[in-house]
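Labels for the chains are A, B and C, by order of writing; each one numbers its residues from 1.
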Amino acid sequence: MRLRALAMAALTAGALTACGSGSGSGHTENVTMWTYPVIPDQAKHQAFWNEQVAAFEKANPTIHVKVEIYPWVKRDEALSTAIAGNKAPDVVYLIPDQIPKYARLIQPVDKYLSAPAKADYRDNARRAVTVDGAMMGAPILMSSNPLMCDKKAFDKAGVTTYPKTWDELMKLAPAFKAKGIDVTNYWADPSATLNQSFYPLLWQAGGDVFAPDGKSVAFAGPAGVKALTFLKQLVDGGYMEKDLLTGLPKFEQTHVAQNKVACTWQHVPADVESFWGKDNIKVFPPLNDAKQVAYGTVGALSMLKTSSKKAAAGKWIAFATRAEATKAYDVASSNFSPQKSTGSLYPNDPVQAAMEQTVGYTTAGPLNDKARDVMGVLAPEIQAALIGKKQPQQALADAAKAADALLKG
Amino acid sequence: MATTAGTPRRRALSRWETRTGLLFVLPCFLLFLAFRFGPSIAGVLLGFFDYTIGDSPTFSGVDNYRRLLADPTFWSALKVTLFYTVLYVPASIGLSLGMALLVRRAFRGARFFRSVFFLPVVTSLVLAGTIFTWLFSSEGPWTKLTGSSWLASTTLVVPALVLVSVWSRFGYGMLIILARLQDVPRELEEAALTDGAGPWQRFRHIVAPQLRPALFFLAIIETTNSFQVFDLVYVMTGGGPAHSSYTLVMHLYDQGFKYFDFGYASAIGVSLFVMTLVVALIQRLILGRNR
Amino acid sequence: MSLTATRPAPSAPAARPVTRSYRALEPSRTGKVVRVVLLAIATPVTLFPFYAMVVLSLKPATAVRFPASLLPWPLHTGAYAQVLGGRDMLRWTLNTLVYSVVSVVAVLLLASLAGYAFAKKRFPGRETMFWSFLSMVMVPYHVTLIPTFVLISKLGGVDTYWGLILPTLANAQAVFLMRQFIGGLPDELFEAARLDGCSEWRVFTRIVLPLCKPILATLGVFVFLWHWNDFLWPLIVGQDTHMRTLTVGIAALQQENVPLNVVLAGATVAFVPIFAAYLVGQRYFTEGVTMSGIKG
């Protein structure tokens, strides 16, 4: 019964796509792009793309581009559902840790970008979107999550030196605690991505999430245990907000928003500016333990293989990621340029200029098609360790066992 | 038109009846075929396939079930679900019974109280979850009252969810029991009273036997509902902290609609089905013995 | 109120013993006190979450602190401006209305057609078909969830109204209830009409449906409530922000970084219609929900 229904569904769908591409040629081609609130103000964001689209359509009168802004929350679900339902966009904004998962479905963009355009990309930006030698997207922005400290909190605690290493951070903790300030914070709820929370520590300790061949996980090694133990010590010392360990409180209700956190790598200036005031934001390179490294993502425009207008979509991607466009986009969204030719985007903004300096430290996270699934099993175990349900070593070992099973499956 | 007289007319009539009968059932039948029968069978079959988005299903034998048995998340989700059920079913039925007895007799305002207690039943669990998340948050009244944040505790998070479910649901059981209480013969109670039976004895020997079918019905319904608890968990805890409120349907949802592992998610669905069947079987056995 | 004839006047000698024992079944004085005390506890406890929802939605974003925040003053309507203005609240309300109303009409029509046929028509396979329909009550929603989703997405039903509504129309309980009710109606009614030359469709619309009014009302309320409060299916089918229902939208607000007062303002807005409907048609709500045995 079901098979027949499915077969019929497939037939109808096939017929429909056939008609779609048949009638499309010769007339205007519609290219759909999905993006997300990279510029948080929806109206501003829409206006930016409207302007780009108008300029593009003027140069390419036979192509019509439609940009749709989807919410961040559940974006993978929405995209996968659309692909399953033959409603996928032609172009979509992806970040590196999504790319391997969709790799089979992505059309590499190499042949749609000019050689100078490709050469203009920063090395770490291009590396982040490259799978098996092919560029799976054209980078449009870079972000960085270095160390950010609240001057107000430092003043209140009478602390004048800013931490550079894990040890220095730990040493400062009691002085802040005495004034009711947390030395740092940690969002442990499993729905928060580990890219911004645990993985930077893991990397700083010299570890990695996956083994080099990608067939097993490496986070349960000594570096992972060290990173988790460090966090656990911060929790046990009472140096971090407890509510963040077990839930997702509203941002305005958290200590960060109330000037009660000294330093954090889990937020960027744009998050806290309205709470701290621009003058109190101090940006530093990421913390150092064995290595000095921060998480930073690369936003890229990728084309899906299902697109029936690849040439038009490719033209649009090349247009939307030209240096002139990314510069405007990145300034408007407080991000940084993946291209070398743009130069500094923030000559008059010391906070953002300092952030820009840290982009070189960034890595975009593990490129593995099970990266998200592994987070799904690791995050609850980290949480279990932090709330004292398990020993760090045990928690990581349990997570590794479950993750390895996933990688084999 | 052709139906004019005698036997042909009767035969035509019954043929006509058959045709209209089938015609009237047809729309429903098609819907059931497409959305109940088909998916039920497909749900069981998919458990034997490896199937994700963008791929076609490939037969994988009992791989999904082997994985299920070795999956610590599945076992912990099963434990959480059963723990929730064991707490929730007696608590909700107990409260329903208590409230039903409380508002049983006609008195001024009885109707008002009944509708107050029924109000949470018409409120969606998403709304209930949204409000209770605050009540249980570290700034919320419940935390101030009890001195600990229940949603943040791996041991208290399920009891917290049970509390919310009981709040949202006891009015339903109350009405079911009230309807049944109307059938308790007044004469029997009065006779017992003249024989000097106290309130407890009257409840024990006259009211309770009358209520047994209703309580039984509630136990079955509430147990199957508990196996499928999702909305509240999704809204209030997301399964946390540290998966201590991660239920079977959360697992199914994540596998199916976050990781798009349709085959594995179907296997989890089948395990739920088996649990429901077991409850139904127990119901049969007990009912069979009683009657 | 004046005394009515239905209850014997206390002075009537014949009625005395009955009245006494009737009174005796009433709780004693202590019993009454206990009842009042328990109700005085249970009522505010039951209503408190609603109170908190409304009051907190009327607070400014930052100042949610217990217990001071639970005082109703000063009122701040900023959250409502935000939720009704910037967000897609109106669209979500419309979606929820479409989902609920279309489903109610369709389920009632389909179930009464099928129920009538099952109860009053003889055709081959009638019993088998009916019991196989009913057996579907046993299969949990979640077993069919994934195949249903695959089917709907292959047919292109993701982010559409029909994709949302269609799978929820196969309602076994509704068919069962309609069959029970129509089965209880005397056959002569339909026979007479048919002999008068009414077509089957006319018999259905002019006789069956009007006679079913009471059951249709209760069943309708139940189906409405179930759809209005439904969560998992709309969560899966409506991925686009514009295709969310209220429950999905509120849950999304709760998860996104939206201030508490705005989330609760949204919750209040979502609650008002169902509350108003409950005030008006309370009897149907209680009957509908108790009769069909499932909470939406």
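Please note the rule applied: a contact is a pair of C-beta atoms (placed from the backbone, for glycine too) under 8 Å apart; a residue touches a chain by one contact, two chains touch by 3 or more.
A quick note: this is a predicted structure, and the numbers were derived from the prediction, not measured.
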Pairwise touch network: line, ring, star, complete, or other: complete
Of A-C and A-B, pair with higher C-beta contact tally: A-B
Intercentroid distance (Cα basis), chain C paired with chain B, Å: 15
Distance from chain C to chain A - Cα centre to Cα centre, in angstrom: 42
Residues of chain B whose C-beta touches two or more other chains: 34, 37-39, 42, 139, 257
Residues of chain A whose C-beta touches two or more other chains: 2, 5, 77, 81, 84, 191, 248, 253
Multi-partner residues of chain C (each touching 2 or more other chains): 64, 147, 150-151, 236, 260
In the complex, chain B residues that touch chain A: 33-34, 37-39, 41-42, 45, 53-54, 67, 70-73, 137-139, 149, 151-154, 237-244, 246, 254, 257-260
Touching residues on chain A, where the partner in the complex is chain C: 2, 5-6, 9-10, 12-13, 16, 70-74, 77-78, 81-82, 84-87, 191, 248, 250-253
Touching residues (chain side chain B, partner chain C) in the complex: 14, 17-22, 24-25, 27-29, 31-32, 34-40, 42-44, 46, 99, 102-103, 105, 107, 113-135, 139-141, 144, 167-169, 172, 175-176, 179, 186, 189-190, 193-194, 199, 217, 221, 224-225, 227-228, 230-231, 234-235, 249, 252-253, 256-257, 262, 265-266, 269-270, 272-273, 276-277, 280
Footprint of chain A on chain C - complex, ascending: 61-62, 64, 147, 150-159, 236, 239-241, 252, 255-260
Contacting residues of chain A [partner chain B, same complex]: 1-2, 5, 76-77, 80-81, 83-84, 104-105, 188-191, 242-243, 245-249, 253, 372-373, 376-377, 380-381, 383-384, 387, 389, 398, 401-402, 405, 409
